[in-house]
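Given below, in the form of structure tokens, are the structures.
Both complexes below contain subunit A, partnered by subunit B and then by subunit C.
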Partner chain A sequence: MGITFRKETFRDDFTFKNSPEHIKRFPFPFHEDAYMYAVNIEPHVVGPKGSVLENLIDVDEHYVAEMQDRALVLAEDPLRCQSLPHMTLAGWDLLELLMEQQALGYPEHFTLTRDGDRWRWINRPLGIDDTFTFGDTSTLPYGPMEYITRQSQGDFCILDQRDGNLWMDAGMVTTQADWSLDFDIGMNFFEWHAPVPLAHEKGIFVRALKFLTNIQQGKPARRLNWTMTINPRLDTSPENYHKWGPDRATVTPENVGDKVHLRVELQSFWRLPRSNGIVFPIRCYLIKMDELVTQPKWARRLHRVIRDLPDELANYKGLTRYRLALVEWLAKLDDGSATSPGFGPD
Partner chain B sequence: MSTGTTKLDVVVSDVVPVNDLVTRFHFRRRDGELLPTFSGGAHVVVEMRDGERTRLNPYSLMGSPLDTREYTISVRRDDVGRGGSLFMHRSVKPGMEMVVSYPVNLFSLDLRAKKHLMLAGGIGITPFMAQTAQLAAEGGNFELHYTCRTASLGTYADVLRERYNRRIRLYHDDREERIELDRLLSTQPLGTHLYVCGPAGMIDWVRDRAAALGWPPETVHFEHFAAPQPGLPFDVTLAVSGKTIRVDEQQSLLEAIEAAGVDPPYLCRGGVCGQCETNVISSDGKFIHNDHWLSEEEHRSGCKIMPCVSRFEGRSLVLER
Partner chain C sequence: MAAKSIISRPVYGTLSPQPGKHHLFIADAEGALAIGDMAERAPAGFFEGAEIVFILGSDGKHVAALEALKPAQFHLSPSFASLLPRLRQTLANAHMGLRLYLAGTEGLIGQAMQVALEAGIDHTSIQTEHRGSLARRMQCVHCKGITENVTTQPATCGHCGLLLLVRDHYSRRIAAFQGVCINAEDRSEIPPMEEIFR
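This part shows the complex of A and B:
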């Protein structure tokens, strides 16, 4: 049996919701009652059945709606997808990775058949059945990276590795937490992380770069990151700030549960075999407060994390405007009892 | 050996003598599947089980990255080395089961280059075999200058000439043919990247001349293929694991640490990647640093050592392992 894909929107009437089963698989990012940066990188290996880690590339009930939202973003702003000329080979690497992983994890929805360079790709949820020549861009309707990332949940940055650094030289970025591929394209690891507060002083980026440049083929790694978003909007880009920025002033004690969303990014890092680049998928998961607090442990813990967050971090994550309303709303659900260690619900 | 890369179970599918010094080895997967794709310039670490001893030596993959039915490496026999190449030449036969690592690339092409200018010396030709195959398939612009001792020791010179014709220039030491390096480096089009793999002296020469002629450092790529050198035996205390070990004449410090059941991370085993960098807690004696990773200042400080290639002579050495 396959996934039942939801019909929903991430804009205008915002009909996005998680089903009760999906709430339980939400990748809650806090393993303790406080949050501070750490180089929280671990091997990206398959996790428990029923979790978002059941497959290394996760496809869920929001797949079709997310792909429709991506197409809308690209129609308005084609620069959300860019690939510098030397990155085409890496695009083919990514196409292979995503086709293989999606077909492996969800054979009822995706099928990949290879006969030498002649490949056939069937994507049933999106009604696609294409035959093409691997390595020959003229046999696809888009470049290889754009073709496959129009059919894969999450943003994708492809990083070229050279001179002991990583360079943001290609990407498909339409579900981002307030950063811009068009602005960052061509930058190196330190340049595009320049705006992040506190972490530079802790030497985090130097260590993280050392780790990432040593990622090996067949040994991907992952980390979780998080922020918050008002309304279930995937496209919170700087380009569209005028559309979503003002939303932050609309939070009231009455609508916190419906409007405020925890936004978690499952970031993974993979060495690409032909190009020796790194692909960095950033998979975004959204959950509204009303859904999140159905798990009492998450409600108590999120209250403590947001209440005690350093101001610099709250500012950087854009929470300052509605933080007080959120903390007061969550406080009613925190009886002060202990929370068990680890991420999962009790 | 839990660290480093994922391992591949392979079988030796062919052993082909190439000339008096070099033999080529072909590996296929034991399960009959395709091997992982790789990029030109990548190496694998070959595990050699030689009786009681295990050696782990890196070799560049020299086949085409487009063909992953098999991996091929070429091994130059070193009669005064630590015995890895002799083991490969004498003991490895078709049908033998071996273990190699996933490919790792520490000598990658810069795909932005408008032209790739390659300089090879001796067995340093091997990474270029894969890189030229990769570039040729994409219509890439490259030119290879290859120096060897004699025509008969010009490993794969004939193959390369046949494949790429005038893009290959050969220089034979016995005919006193030399690369006209300064002229070559001063007549390249803008956007050219330079790659050099060969003996340490050749790499230093090329890097020095390129710097003197104004080549930006990020356009100059090089790969040392120096193997660990044998030396006098010495004793080491591993403070973290509470062990005292002896490093034999023919063993590297890293191999001796591994033989004691301690697994530091590694990738290149050639003093380049930095993975096995180890802190020195105390020492009384002389370090023999052979790596290209630590700075000269770090070498002088006596506070760090790269156990894959460097050695020690003296009374006592205590490492943070």
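This part shows the complex of A and C:
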């Protein structure tokens, strides 16, 4: 049996939701009742069955709908997918990685067969069956990075490593938390993180860069990041901020449970074998407050985290306008009792 | 310059003579004074291997002072746009040993650096000195249009008309600061416009 893919939308009528099984596997990002930046990087190894870490590249019930949303974003704005000229080889590396991982984790949905450089890729959920020559861009309908990331959940940044730094030189970015690939492409690790408050002073990026430039092939790493989004909207790009920004003013005490979503990014980091680049998938998971609070521990903990978040961080994450309404709503679900350590529900 | 800034915001230095075979100076406005100041510290005969390109302002100032340095080549352009074809060819034909010096307004330094990057020159090898106006070149993140000589915060996009917060976040590739809608969440909020980039 395979995954039953939901028919749903991430715009207009916003029919996205999580099934009860998917609520339980949600990657809740807080291991304690408070949040501050840390270099929270750990080895990206396979986790428990039924969790989002069951496979290193996770495919879930939202796959088909997310790929449809990506196609809509790209039709509106092709600049969301860009690759500088020296990054084509890294694109082939990524194509190989994603085909291998998806076929490994979900053989009922994806099949990769190789005969030398002649590859056949079958993607059943999207109705794709293509045969192409690995390394020959003319045999694919798009460049290798665009081709495979139109068929893979999450955003993807490919980083070139040179001069002791990482350079954002290619990417497919349609489900981002308010940063622009088109603006940041070509920047180094410190430059594209420049707008993040507090973390530079804490030395976070210096340590993170040191870690990332030492990532070895076959030993990927991961971290979680989070923000909040009003409505289950994947495309919260700065490009469209003037279109989705007004959503933030629509939160009322009555609609918090339905409108406010926790948005968690499972970021992983992989060394690419031919190009020596690093690919940085940013996989976005959304959950509305009504769904999240079905797990009482998560409700109590999220209340404490949001209530105690430093204003500067709340502002950077764009929570300021609806933070009070959210905290008051969550407070009703927090009886003050202790929460158990760790991420999972009780 | 803003008291507290961010890492992507360009930092400019003071021009100093570099070892090299050919020295290309591109300047506008008071950038000419930066070249003059550097000339006082330059070894004898330095400008015999130099080319100076100057974007002529409407006041015609600084030309005589630059000519007096007796560079091997001296070229006046009425605008940066008109300089582009020549600059692209110079950089495309350049050999190892070319050193680039950019002086003047941020817009000039940024745009000249953009062309140099496209020609494969590493940005850290380029000498820069900012003189004169702090007016910014701004790209609207929404419509992608570039508005030149932005002096106010917030600023109106010259293309789509949105009211934009001019951020310190800067792209060398685009040669512009990022402008992001300042009242996207509630268009009725209109913050006062202050002249701060002079």
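The rule is simple: the second predicted complex is superposed on the first by the 346 of 346 C-alpha atoms of A that agree within 3 Å, B and C clash if a C-alpha of one lies under 4 Å from a C-alpha of the other, contacts with A are read in each partner's own complex, and residues count from 1 in each chain.
Going forward, contacts are C-beta pairs under 8 Å (C-beta built on N, C-alpha and C of every residue); 3 or more make two chains touch, one makes a residue touch a chain.
Given the structure is predicted, the values throughout are model-derived calculations rather than measurements.
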Clash or fit: subunit B and subunit C on subunit A? fit
For A:Thr139, select first, second, both or neither according to whether it touches subunit B, subunit C, the two together, or no partner. neither
Check whether A:Asn225 is in contact with subunit B, with subunit C, with both or with neither, and answer first, second, both or neither. neither
Could you say whether A:Gln216 touches subunit B, subunit C, both of them, or neither, answering first, second, both or neither? first
When the two structures are laid over each other on chain A, which of subunit B and subunit C touches more residues of subunit A? C
Determine, under the contact definition given at the top, whether A:Thr9 touches first (subunit B), second (subunit C), both, or neither. neither
Can A:Asn276 be said to touch subunit B (first), subunit C (second), both, or neither? first
Applying the document's definition of touch, where does A:Glu239 land relative to subunit B and subunit C: first, second, both, or neither? second
Now for A:Asn55: first (subunit B), second (subunit C), both, or neither, which partner does it touch? neither
Could you say whether A:Arg162 touches subunit B, subunit C, both of them, or neither, answering first, second, both or neither? first
Angular separation of subunit B and subunit C about subunit A, which is computed from CA centres of the superposed model and rounded to the nearest 10 °: 70
Kindly classify A:Gln68 by the partners it touches after superposition: subunit B alone (first), subunit C alone (second), both, or neither? neither
To be precise, I mean the smallest distance between any C-alpha of subunit B and any C-alpha of subunit C in the superposed model; what is it in Å? 5
Return the residues of subunit A at which the contacts from subunit B and from subunit C coincide. none
For a test of understanding, state which residues of subunit A touch subunit B in their complex under the given definition. 84-87, 89, 93, 96, 160-163, 214, 216-219, 273-276
In the complex, subunit B touches subunit A at residues 4-6, 36-39, 41-42, 65, 102-105, 108-112, 134, 138, 218, 267, 273, 275
If you look only at subunit C, which of its residues touch subunit A in the complex? 6-9, 139, 141-142, 144, 162, 167-169, 171-174, 178, 180-181, 184-187
Over in the complex, which subunit A residues touch subunit C? Could you list them? 79, 180, 182-187, 190-195, 200, 238-242, 245-246, 248-249, 321
